[in-house]
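Next come the structures, one after another.
Two complexes follow with subunit A in common, the first pairing it with subunit B and the second with subunit C.
This part shows the complex of A and B:
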């Protein structure tokens, strides 16, 4: 009897120790989510604080909002184009730097510099680089072309995607490079030598031995960058603010504009929930794929 | 017909001169062991033969063809690595088949070839497993299987047994030797373990600081070492070296140790020793050539007095340490010939089997 009481008292003590962190987690993690859900069923805008129950009205609006789906499409385009390029370039650079070259440390440090810069600063920098009057990009293209090239990088519809992708890839390829360099340098050298003696060429060695060895790291890098790209905001905001028109508007920019420029609070809550659901499905599938392949 | 011919080979790592002019001629079908302490250049030599390192000077010929500028894959070699270097994401079958597939062997031949190699090594029941599911000995067999499945001209082994425990090492040693007899291929085997070298080799090439110290059949090296280094490297426990000099008394020659002990040299071995009078020498005596006095009446046995310092029984034999000529010497005795430290023993040294070494050059002058 006494022992049971002691044990249950013990358990109570343990719970009381864990309780504060649980409460904080609930407060900062679950409460906003629940509140978001509640708000998304109401009709709050800049004009009125209508807290009456509107049912699925906002969600119905979601499906007929062409601008929302377009911004989602833009986001997917950015992700699908930038991610493979960052991965490919990062991997190629890592392969180059895997051998001990003189000055390797210095070069790696220089290459990694863009990652250190805040994305909004990177965006602002590239917006200066792409400036049509005094930007070095146009200047250099002018030298090559042999005449002045006042290209409107952040305005012309056919150039604006290129400009954003260049800035994005410039900033985040080093991240891939760094992770993949670490992964590559841990590939067992003697396995590569054994493959060399076995007569395997470069690609066979890469696909059969190197890739399986670096895949766990690579998968995590792809996941992290994929999520980042899905939330792409700063670079686009600094370069185009989603323009011209809404041409480069990503889902994050769309949400920001709806919520904090047009103050359609309840509708924005519904958009936010849609993004959360989409990303959760994506991440969970990706994680399952990675853990299965191990 | 030599399968491997190396002439004037040099290899540098930056300023470090690792291989300093090696000449080597290995006949087809021979099992050659490159042995030496770590850092003697034996692994570098093997990796240079394989093409994993570039020779800085000198020529390497495999089967009569100069291979200096050929990639490893074109040298007709197979290699077994110290840490097995199996491909972790492939099954045993795929590991063994990897080289065949890389060389575009027809699919219909791969299956039977892998099966035959696996059977020869007793791993045919493991073909569907992954390397992480295997024990050390099994991993080593797979690594050997991967080499033998490719009908190469030259097989290279880079300390393949050093990651195994003692018992497994003994077993695999015999296995590799048997494999050599079955395949009849030229094999070059690198080890730092003199027992592996002695037991497996047709020929031992003993390396020291990047040069060949001596090469020959195992027992030739053991019985007729060219230098003090070779004499001390082969054999366990290793040879005793006692500072000595020769004294001629008419035609009779004897070896005099630092403490005045005089050991008569048998007449047929004394030829030419007279000229070494007055020069500092070393007497090299193997522990097994020191035995209890009086058990044997052969000529050439020189009696010595010994007070035992230390006894190390191994079961069949016991190693007794005692002072001889001012230094510690070890005698390998029958287990019951010696019982405890402090014991006084009458021992005799078999002067027919000793070597005399010039202390200045460390070269053997009489063996």
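This part shows the complex of A and C:
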């Protein structure tokens, strides 16, 4: 009995030790969410600090806002196109660098440079690269084509997605490369040698041994990059500000414009909650699919 | 023409601008001057308030604009009063947001503000600007305010009859053209033979199209295009607003508040804008202030339309000024003529007014600073600063003897600016103007992307109607009709 009382007292003491940090974490993590939820039911805008209850008005507006859904679609397009390319290129580069080559470390360090550049700087750099008059991209295409090529990369609809994707892939493929290089270097060599002795081909070895071995890391990399792409902002902002029109506007840009340029505070809160819900569903599904939740 | 020399210009500017400025500063500093004008009254009133060393923060457009308070007016104010001036540099596109954010946060971080006049109704309604009437009376500034050029004074100073800002920048678009090209006898002869009228700065957009395409056809082999214009959407937006109204367009039906920007006139204006790109330099779709300036100063275009600094830069006015290192050396000094843009009613695009932040903790001092900056005496110096971008906005600026001597053609330049200010058109100013402008900006970017002008303007009108609905039709209608009744809203017909 005394032992039980001692154990429960012990537990109480342990809880009291962690309680302050849990409260702080809850305040930091949950309070903004609750506040966001409250604001989303109000009518705060640039003009009105109207904190009265507006019911579901902002949510009704949200579902009838074509621009919002288009921006979501653009975000999905960027994600669906960029993610597999970054993954494929990152994996290919990692495969190239898995063997010990002369100067390997220098090359790896150089390849990783784009990741350390701030995305807005990367966007601004690519904006200069794509400049129709002085940019090296048009210059190089001009050399190849044998004539002047004043392509308007950030103006014409058929080029603007290519421009953004090139910049995005340039910056973030090295991230994939780095993670996958680390994963590949942990693959059991003896299994690879055994497969080789047994006469297994490259692809068979890759799919049966390498891929299962690197999959946990790859899944995390996909998840991180997927989330990053869903929040895509800087590069697009620097290159097109979401234009022409709203043709390249992502959900993050839409939210920024609504919240910080048009001061639709309550409506933006509703948009932010929608994004949080969408991302949470997406992440939980992904975690379940890749069995990482445990 | 042979009398033109950058060295002489420098000497003339030093003689006419900097020496009197320094002299005035020293005179006031010595305390011998009586408070006989608004600038001196502001200084005298500020001195006791500044005792112990205070700092006034002022939001100013980042870049060249802010060299005025950083290099000239800020240090001079400190010398005269003891108050430091902290310049908060903000890019134009972020100024409204920053001002509103600070106001909402209520930190009192900004004391004085530069605001674009078309934002004033929004800022006033939000409560971000301090009403200035009582200060104006207290410090005897009304008389000097009367001498601000009528367009700016009557349209960019008040909201609902109350003063919220002092117009401080005479922004207006004028046309700059190459006098040497337009005076070329061979070109004149050939043009007359083809179009049956004289080669001269265009009075209509039809003429602009004909002259521009003719000059490109004749001069492209020499690397000269007939024209180059702002096409980057944030700038082209103003070009559209100007052209649309010159052609007879109206933004809204004043009775119903339905958007009428998608009228035939609007569609024709957009079609014309796109069609004209054919005789402009490749990539003109991306031309903003700097790109267009570079092309014009290098002598690569025969006509352009822009804000007043183009005229000063093109004249080679103080070309050796260090702050202007980034401006390409003018290849066309002495060859530039000035005219009103086609239609004769140029856009009074943007501009700045000086205001006091309602959340400031030292409003009186902030007010005194802006009265001093905006005063007859000090503004006459400021508009002549070679590196700053403040343009003439007072009657006295257009006739300032020092300014008139700054370069051989300064007289024509100032006369054109004055005429432009008198016939100029105000930027659209409503509640939530930026939302209306944003829809139009996006529309212009779609124009360069190749979309159908009618479809673009139908979308813009739809968005405008939706914004109006959200603001409240009656509320917005009252604001719009008040704006439309102003002298510079629409051309008088």
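The rule is short, and it goes like this: the second predicted complex is superposed on the first by the 274 of 294 C-alpha atoms of A that agree within 3 Å, B and C clash if a C-alpha of one lies under 4 Å from a C-alpha of the other, contacts with A are read in each partner's own complex, and residues count from 1 in each chain.
Definition applied: a contact is a pair of C-beta atoms (placed from the backbone, for glycine too) under 8 Å apart; a residue touches a chain by one contact, two chains touch by 3 or more.
Just so it is clear, the structure is predicted and the values come from calculations on it, not from any experiment.
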Q.
If you tally the residues of subunit A touched by each partner, is the higher count for subunit B or for subunit C?
A. C
Q) Counting only touches as set out at the top, which of subunit B and subunit C does A:195 meet: first, second, both, neither? A) first
Q. Looking at the overlay, what does A:103 touch: subunit B (first), subunit C (second), both, or neither?
A. neither
Q: Please indicate which partner A:212 is in contact with in the superposed arrangement: first for subunit B, second for subunit C, both, or neither.
A: first
Q: Mind working out whether A:246 is in touch with subunit B, subunit C, both or neither, as first, second, both or neither?
A: second
(Q) Once chain A of both complexes is superposed, is A:150 in touch with subunit B (first), subunit C (second), both, or neither? (A) second
Q. What is the contact status of A:29 with respect to subunit B (first) and subunit C (second): first, second, both, or neither?
A. neither
Q. In the superposed arrangement, which partner chain does A:204 touch: subunit B (first), subunit C (second), both, or neither?
A. first
Q | Footprint of subunit A on subunit B - complex, ascending | A | 50-52, 71-73, 77-79, 81-83, 85-90, 98-99, 102-103, 146, 150
(Q) Can you tell me which positions in subunit C touch subunit A when the two form their complex? (A) 97, 100-101, 122, 125-126, 233, 282-283, 285-286, 291, 431-432, 434-435, 438, 442-443, 445-446, 448-451
**Q.** Partner subunit B, residues of subunit A touching it in the complex
**A.** 188, 190-191, 193-201, 204, 208-209, 212-213
Q.
Applying the document's contact rule, which stretches of subunit A touch subunit C when the two form their complex?
A. 46-47, 131-133, 148, 150, 152, 154-157, 243-247, 257, 260-263
